[in-house]
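We just call them A, B and C in the order they show up, numbering each chain from 1.
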Amino acid sequence: MRIKIKPGKFALLATVALSYLFLYLPVVHIGLASFARNSNFPYPPKWSLDIMARLFSNSLYQTALGNSLIIGIFAALLSTALAGLATIGLMRHAGRRAPLYLALFIAPLFVAEVLLGISSLIFNGLFLGLQGNMVSAILANTVHCFSYALLIIATQLYRYDWRLDDAAMVFGASPARTFFEVTLPLIWPGLLGAFIVTFIMAFNNLEISFYLLGATPTLPSAAWGALRYGVKPELYALATCVNLIVFVLLAVMFVLMRTGLVTFGHRPERERSAV
Amino acid sequence: MAYIHLDGVSKQYGSVWAVDRVNMAIEKHEFVSLLGPSGSGKTTLLRIIAGLERPTTGRVLIDGEDVTELPPHKRGVAMVFQEFLLFPHRTVYENLAFPLRMLKLPKSEIEARVEWVVGILALRGLEKRYPNQLSGGQQQRVALGRGLVGRPKVLLLDEPLANLDRELRQEMEVEIRKHQTDLGIPFIYVTHNQEEALSMSDRIAVVRGGRIEDFASRTDIYDRPKTAFIAQFVGRSNRFIGTAATAGDTISLSGEGVRIETATRPGIADGERVAAYVKNEKVRLRPASAGGAGAANTLAATVRYVILRGAYAEYVLGWSGGELVASRPRSEAEFTEGAEVVAFWDAADVDLFPVPEDSR
Amino acid sequence: MKPRVAPAIFLGIPTVFLVGLFVLPLLSMLVLSVWRTENYHIIRDFSFHNYEVLATEGAYMTFLLRSLVMASAVSLICTLLAWPIAYGITLYGGRYKLLFSLAFAVPFLTGEVLRIIALQGLLGPLGLLNGVLLSLGAAPLRVIMYTNVASAIGLVYLYLPIVVTVIYLSLLNFDQRLIDAATIFGASPARAFFEVTWPLNLFGTLIGFALCFIPCLSATLAPRFLGGPNGTLYGMAMAQQFGESGTWALGAAMGVVLFAVSVLLVVGVARLIDLRRTGFTGFGRG
């Protein structure tokens, strides 16, 4: 399997390295810029916290941060719970109709965010007579996040052996007790992973929230508004802060997955024997 | 009234009847095996008793109580699974304590019971380990212990030894039977392995196509098979097919260059196509020089291969009608490959059945 | 457990949710697309007027074609880049595989606006690249400032992570021992790749391609902030109908067009290939 030819390996590794460079160069660049006085070309940087201080004293961004947090948390909670239900439903109760349900559940993946935003706007504004509001924004974000959460939970549940539920029930555990004593302890890393990822997605979403919120700012829409008048160092600082938060959250997830793989890597040797 | 009753139990999946009108009565203290090839419905039957499947029709009674509508956790049964299905996030101790916690027993009682199971199953010192830190045999013991610890009304075992190697399996067979006798609760044991069924059971139910082919003592199943399927499936047999001819109280089968004679059976008519089965160990051998070939229940053959099975030698013989296997104790005279022999058997050891129309 | 209650909870609730908040909005977009907007008012007359405008006014066709070319090119580039990256990570990632793959997710999860801000830091007139060129005394590079090339680079930057992640997951679930089996029976590494690895990961590759193509087709931000005067794409034009121009009905029709093209792509791909020969293992079991 291992390719022994050196040039092939070199080319492969070079592509990998260059793509990481491509992805992280801008991130690092604006990171440096937001902590430097010479923010246009911070090489070498003249360290300063001026830009950060300016960002944090801006009340628009403070309101926007609050709104983004609310959207992120509620959309993540809702989509994780719904996707958890849906995944269990698909694996346990859908039977021959599983492909149909699966198609519906992952369909939002194949619809661009801007279309989700616009169609929800039309539905709310024209057919329900609703003004832009946070609940609509949370629900529309939940639609988008739901499919991603479904996929993340599914990878965890795919490894879960449902016959463990049989075992628990045969030994006297009620369905609810089975879920909390056996199923949940074995699948929670998947649920938490889905929560983290969907939180970040909803938190950072522009195109869905934008159309459903009217004048209420979120962090991305405030940034978008500012960007229309040209890039300012505060925007670099804002992006850097969000990058740092995402980075920390994914680091938490990395640690979880590491330990999760070690502790919960239960995989039955054989498939279910014939009926 | 028997302890466990299956009353006209059927299970339909789509258009397939996985279990078809099964009636069974199992006594307390009894060790019963459900023996059948894969896909015969024996596991479904077990899962119906456990409450993991709901029968399409019929009733399940345990200890006089109709439990058909009860979910598994209210039935007071226990199960040992083929893949063990130990809870991977719980230690051995916690796995063993699980059924007791579900019974809401006091802590001291739980400790005492787990202690008891750890003792009888030689699990001492492993209590704090996780299942993935145990060998296959140890996992098997924990799975068995989890089945016994709650003193269930019945213990269901679903091919529990299928994942173990041969030696461990034979050790566990003795142990499982011992615990069943000691505890005095019924064990219902599903297997496709006739050796396991024969070694442990009081009675064996042979399952085929969702139906019980026969439910009888293990000696009856082995020595007096009721159907051609059982004769073929239980034990290792040689089969001869021919046309029946009755004469007085004997019936003979001719065809393929051998004549087989045995006592007449009811239900077999003159001129009917029949199959005769002779178990491998009932076929005896003598050197060709001793003569006697050509009589009924004898045939001349050549030893093609000799397969040693410890105390037994299996002779694969070639004769004009095909191949024949004779299994003889090594204490008898041995033959080498290529030797000319006469194979013979007693008329009483022949099992005779009509050949069903759809059979080859 | 009652046999019928569980499916109603586990499948019914998500289904109702998606029908109410996903399917109905898309249908309402379809309905609006056959109405009209005049002076910011919606007139509920059934007509295909909006579609006629889209089909006859040259600018919209140009935008659509440009979007299609842009989305195809970007998706192709992303797929071509993502394969060696994902393959490299699975082959040489070792115990840091997970770290490498998560590192690709960080930029993806940062959100489009913030990533475009970061890209402006790289490509913009005052950005890193031109800063380097200027400090070396060279002329700034015009091709990366407010052009279609800049848009394309931006879109690759935005969607490369998702394509890499999808192909990486596909490779991760692919049983590497199959390559051993192929080489044992005489296939060269290259042959083994094209006979076994590529076909068995084709499904994942197509998913990755689609998950890049569809948002690129409807891209609104990258062309607006990175593209130049000749860079207007269909999605961007659509967004304008809901903003400055206030012609919602026309915008809805454009949304329907974008949605239809996306669906056609997915359906076409699904019909073109035999799922069983692409390593698609289905979903769920038992």
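Criterion: contacts are C-beta pairs under 8 Å (C-beta built on N, C-alpha and C of every residue); 3 or more make two chains touch, one makes a residue touch a chain.
As the structure is a computational prediction, the values presented were derived from the model and not from experiment.
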Using only the chains other than subunit A, in their current positions, what clusters of touching chains do you get? B | C
Interface with most residue-pair contacts lies between A-C
Centre-most chain, if every chain is reduced to its averaged C-alpha atoms: A
Would you mind pulling out the distance in Å between where the CA atoms of subunit A average out and where those of subunit C do? 16
What is the distance, in whole Å, between the centres of subunit A and subunit B, each centre taken as the mean of its C-alpha atoms? 53
Whole-Å gap separating subunit B and subunit C, where each centre is the average of the chain's CA atoms: 58
Specify, in ascending order, the residues of subunit A that touch 2 or more different other chains. 175
Touching two or more other chains, which residues of subunit B qualify? 71
Where does subunit C touch two or more other chains at once, residue-wise? 1
Which of the residues in subunit C end up touching subunit A in this complex? 1, 6-7, 9-11, 13-15, 17-18, 21-22, 24-26, 28-29, 32, 42, 81, 84-85, 87-89, 91-92, 98-100, 102-107, 109-122, 124, 126-128, 131, 134-135, 157, 160-161, 164, 169, 176, 179-180, 183, 189, 210-211, 214-215, 217-218, 220-221, 225, 235, 238-239, 242, 248, 251-252, 255, 258-259, 262-263, 266, 283-286
Within their complex, state which residues of subunit A touch subunit C. 1-3, 5, 9, 11-13, 15-16, 19-20, 22-27, 29-30, 33, 40-41, 43, 82-83, 85-86, 88-94, 98-99, 101-102, 104-105, 107-116, 118-124, 126-127, 139-140, 142-143, 146, 154-155, 158, 162, 175, 197, 200-201, 203-207, 211, 220-221, 223-224, 227, 231, 235-236, 238-239, 242-243, 246-247, 250, 253-254, 257-258, 271-272
Per the touch rule, the subunit B residues reaching subunit A in their complex are 13, 18, 38-39, 41, 43-44, 47, 50-52, 71-73, 76-79, 81-83, 85, 87-89, 98-99, 102-103, 132, 146, 150, 156, 158-159, 162-163
In the complex, the residues of subunit A that touch subunit B are 161, 163-164, 166-175, 177-178, 181-182, 185-186, 263-266, 268-270, 273-275
